[in-house]
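In what follows, subunit A forms one complex with subunit B and a second complex with subunit C.
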Partner chain A sequence: MSASQSAVRSRAEAVKVSRTFDWLILFTLFFVVLGGYHIHYMLTGGDWDFWTDWKDRRLWVTVAPIVSITFPAAVQAVLWWRYRLPFGAVVCILGLLLGEWVNRYLNFWGWTYFPVNFCFPSNLMPGAIVLDVVLMLSGSMTVTAVLGGMAWGLLFYPGNWPIMAPLHIPVEYNGMMMTLADLQGYHYVRTGTPEYIRMVEKGTLRTFGKDVAPVSAFFSAFVSILIYFLWHFFGKWFGGTSFTQSS
Partner chain B sequence: MAATTESVRADAAEAPLLNKRNMFLGAALYVVFYGWVRWYEGVYGWSAGLDSFAPEFETYWMNFLYIEFVLEVSTAGILWGYIWKSRDRKVMSITPREELRRHMTHWTWLVMYGIAIYYGASYFTEQDGTWHQTIVRDTDFTPSHIIEFYLSYPIYIITGGACFLYAKTRLPTYQQGLHLQYMVAVLGPFMILPNVGLNEWGHTFWFMEELFVAPLHYGFVFFGWAALGVMGVVNTEVIAIAKLLKKDLA
Partner chain C sequence: MKLIKDKVTKLSFVALLVTVTAAMFYAPTASAHGEKSQAAFMRMRTIHWFDLNWSKDTVPVNDTMTISGKFHVFAGWPETVDKPEVSFLNIGIPGPVFIRQGSWIGGQLVPRSVTLELGETYEFKVLLKARRPGDWHIHTMMNVQGGGPIIGPGKWVTVTGSMGSFVNPVTTLLGDTIDLETYNLSNTYFWHAFWYALGLAWLGYWARKPIFVPRYLAVDAGKADSLITAGDKKVAMGFAAGTIAIVAFGMSSTNAAYPVTTPLQAGLLRGMKTLEMPARTVNVKVEDATYRVPGRAMQMTLTITNNGDSPVRLGEFNTAGVRFLDPAVHEDETGYPDDLLAEEGLTVSDNSPIAPGTSRTVQVTASDAAWEVYRLADLIYDPDSRFAGLLFFFDEAGNRQMVTVDAPLIPSFI
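And now, the complex of A and B:
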């Protein structure tokens, strides 16, 4: 290759080529991250995300933020630290939510006939916006991990509350007390996931009923901070450009 | 004057930097094919896919599996073989414009990889969740697995392998060795397929129900992380393309 030759014929063409690459890169990055993030999330927190009768005040609130802060931290580590693009977390969540919504409509409802108001995904967008804004304003990985990570965990339940509140209303059914969400699960039988597999509301401090969700959210926030640190460095490694040397 | 005319003619006849037609046709191929696959699942999943001992299961599902095995091995052999066989043996002496054109073609492949990964890791994997949480399995080769594990995963593996091979055989950027993050981005998701062995072993011997967050599935998670290696590919490409365009954009 001769360094004196130009790859393009004019500045206008250079700009056009540059913009074309931007679109190609964004499309590919979006869908590859979507795929990796979605398979990660569905297999580490998926059951709580699939069904409303798994969306309890304890384990859903604890698990979902912890396992979902991973990819946003990693993608921020590249998009912000290399390109100063302040939307790493939001782009991850947009991808995840697109993958989930397409699936819940076309497959959960379209193939196995569960109503969408029984299997809609959790809302992770408030935490993602705050995570990106904290990084953009602070420019600090440590501040983002501590403040952003904490906000990520704490905002999860309030961010989903308007959607979930009607389904947590108690009802009496056949002499038993349950929530409307439980009742949905009771009527829409999932033979492959029997009731004994469902992990909700487990614990010894259930007498502190009203405190369950805040305690879980606070614990989740604490672990989210640690996970953010870890995945920031994962992201840095994955964004590397190293070659193994030919022997 | 004659030389100028010749140059203009050469420009007019020159292939475009990005062949958009190929890119949209490629994308349409995946989307239309998977649309047909989803239709097939919808029709024959419930009508012929519930009892693996039934004759119709053999007809509609096991035959589907055998056919896809043959087609996948043939496609991988022909595609990868062609890319390797037609490799550029003087890759370091191409013109900058040709290099730019090849980067565009490389990105056309990467766009296909994005689509293939989406269908494999997102669309058909979560679909597997709702199928197996609804239907009790009586075989490892369920309708959902025949599509997810043995169709959508091989397709993204074939596509990812084609991306990597194209870069390695035609782009000067990738001649200094093997790009570590690129290998991770392609080989990690590839390892999800062998990990099916662990999954089936576990489901066969001890856990017939479907709990998606069960530790039995963590192998898929670990290898799914490898998709992030695409960020390393992006960074490498940005450096290479910036070098090619730099003085014209400055």
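And now, the complex of A and C:
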């Protein structure tokens, strides 16, 4: 076969090869994103995502969406502008959650015996689906950043509340009131994580009484918009070919 | 010759691979906490733990034990470590092999951080419930914000039984008793599986058709708009609407199911009750102190003045949890860890009773392998070469008096 000849000899064969490429690329993309995004999220979201006694109504709600919209924005940029594929955010979250569950189950529980009901990951899927849909329907990075980024921040807390609410039931414990999540943090000893490291319920957001979660979510949504722009550009640059030498 | 060289190279490479592979399969349990690696001055000049008691050596799963005792917050706290204004009474164990059912300082529960005062002594207790079988090294520990963990003495405790039988019942303020070990687990799995399945469905919708090569070619040819059909848009709108509806439904149904929830509790506890120590009637002045590296011994010249009304003798020097005793004066009967106890490690040049109203200058030597084993000898490499510790004096009736010492230390290498 000479260099000028095609590697395939029929349309059926071309379709078959194309599908094989699809699965190879999707498989690779999934695990590359899983690894990179997981490390990024552990380093930036870290303890807020690890432990139930960090998942508060102020800082967890604020920090987690802001630091997690990064990879979805970048992968969306590559898949949308190069392939018109609107599943960049969802594939990121599928990868991240798989990696997190493997980590929490095998490491946190399997190696160090922290109960899974204490160290499960946050749920980011609702925001990811809406982010992808907004990009698909609008075809606009700006609209996706504003509407999708807003939805990403706003859907985070209600998307997790069905899992977290049972752990916020109060307990009287030796003369002090705690939530069950607080009690988990107290009972299941983390030698390297003293209580004062826990960044929860801090800040000056006191004028809204008990309803601070929506305010935190709006702030988070606003910053998520900005972060979306930034990382979308990263993705666009990374998905381009300007840095390769033209033949 | 070359053949032999090649063979040796190949075999060496194979041996290296086998070694690396074998090492990967050997992962012994980490049972201790690097307590010997912590800078010596951190252990000698911050928190002094004493009168420690581990209530049991062996505990079945679900049974409890306590660690109790006292700690003195050293007045000569090093400048290089933040003051213990935000501190947390922790416990040094390898993960949650026990659960911490309670911890108290001066009788007050301390699930949160506390403020400690320099120069004060506190009583503490930690109640532990055995969870995972094994032999565990259990340390007292004080975490200090800006200072790090300050680890205290540790003792081996054996947990017997099966972790499968461990339960952690808790009664909520709503009157329900739950097992915190497994509570909310099925709910967590359900919601995560549900949303993961929805995400997979979205991905599957797009992956059912050719994904990368034809779409790339179409985009490249300027036909990108043809890749998203009207049907695709309807499906997408369905996904988005469904997602928002499920989130809203989940939120409202959860609020209905759990009408009473409270935020996480946080905050600093101040005003910890200190322990009233007996009035000090013995004064000690450190004239000089040297650490003799070859002899693994610290020598101090002390001028001791007894202002009390009964004769006293020096019975113990305690630093970094290592106890040097003069057996003629004081013997340990608490089952203190052997490796931290130098039963005959304290020598005083003249340890006859010091009469009331008199002073005496004596040579005190604290010698034991513990200086090396616990890496306290590394003190000579610290940025502020000082030593510190507790001296315990005893009168004839067995009454004890604690005196702190803190002075420069000169190493001696010959």
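By definition in this document, the second predicted complex is superposed on the first by the 231 of 247 C-alpha atoms of A that agree within 3 Å, B and C clash if a C-alpha of one lies under 4 Å from a C-alpha of the other, contacts with A are read in each partner's own complex, and residues count from 1 in each chain.
To be clear about the criterion, a residue touches a chain if its C-beta (ideal position, glycine included) is under 8 Å from a C-beta of that chain, and two chains touch if they have at least 3 such contacts.
Predicted model, so just to flag it, every value in this text is computed and none were measured.
K.L.:
Looking at A:G35, would you say it contacts subunit B, subunit C, both, or neither? Reply first, second, both or neither.
P.N.:
A:G35: touches subunit B, not subunit C.
K.L.:
So, A:N123: does it touch subunit B (first), subunit C (second), both, or neither?
P.N.:
A:N123: touches subunit C, not subunit B.
K.L.:
A:F27 contacts which: subunit B (first), subunit C (second), both, neither?
P.N.:
first
K.L.:
Applying the touch criterion given at the start, work out whether A:L183 contacts subunit B, subunit C, both or neither, answering first, second, both or neither.
P.N.:
A:L183: touches subunit C, not subunit B.
K.L.:
Counting only touches as set out at the top, which of subunit B and subunit C does A:F114 meet: first, second, both, neither?
P.N.:
both
K.L.:
Looking at A:T191 after the superposition, I want to know if it touches subunit B, subunit C, both of them or none. Which is it: first, second, both, neither?
P.N.:
both
K.L.:
Counting only touches as set out at the top, which of subunit B and subunit C does A:L97 meet: first, second, both, neither?
P.N.:
In the superposition, A:L97 touches subunit C alone.
K.L.:
Kindly classify A:V171 by the partners it touches after superposition: subunit B alone (first), subunit C alone (second), both, or neither?
P.N.:
In the superposed model, A:V171 contacts subunit C only, not subunit B.
K.L.:
Which holds for A:V15: it touches subunit B only (first), subunit C only (second), both, or neither?
P.N.:
In the superposed model, A:V15 contacts both subunit B and subunit C.
K.L.:
By the touch definition above, which subunit A residues appear in both interfaces, subunit B in one complex and subunit C in the other?
P.N.:
Common interface on subunit A, subunit B vs subunit C: 15, 18, 21, 25, 82, 112, 114, 190-192, 194.
K.L.:
Can you tell me which positions in subunit B touch subunit A when the two form their complex?
P.N.:
That would be residues 17-18, 38, 41-42, 45, 92-97, 99-100, 103-104, 107-108, 110-111, 113-115, 117-118, 120-123, 125-127, 129-137, 172, 176-181, 183-185, 189, 192, 209-213, 217-218, 220-221, 224-232, 234-239, 241, 244-245, 247-249 of subunit B.
K.L.:
Under the touch definition given earlier, write down the residues of subunit C that touch subunit A in their complex.
P.N.:
Those residues of subunit C that touch subunit A are 33, 86-88, 90-102, 109, 111-113, 131-132, 141, 143, 145, 149, 163, 168, 170-174, 176, 178, 180-185, 187-188, 191-192, 195-196, 198-200, 202-203, 206-207, 210-216, 218-219, 224, 227-228, 232-233, 236-237, 239-240, 243-244, 246-248, 250-251, 253-255, 257-258, 260-266, 268.
K.L.:
Which residues of subunit A touch subunit B once you look at their complex with the stated criterion?
P.N.:
Per the touch definition, subunit A meets subunit B at residues 1-2, 5-8, 10-11, 13-15, 17-18, 20-21, 24-25, 27-40, 42-48, 50, 63, 71, 74-75, 78, 82, 99-100, 102-103, 106-108, 110-112, 114, 119, 190-194, 197, 234-235, 238-246.
K.L.:
Of all residues in subunit A, which touch subunit C in the complex?
P.N.:
15, 18-19, 21-22, 25-26, 53, 55-57, 81-87, 90-91, 93-94, 97, 101, 112-117, 120-121, 123, 125-126, 128-130, 132-134, 136-137, 139, 155, 158-159, 161-163, 165-184, 186-192, 194-196, 198, 200-202, 210
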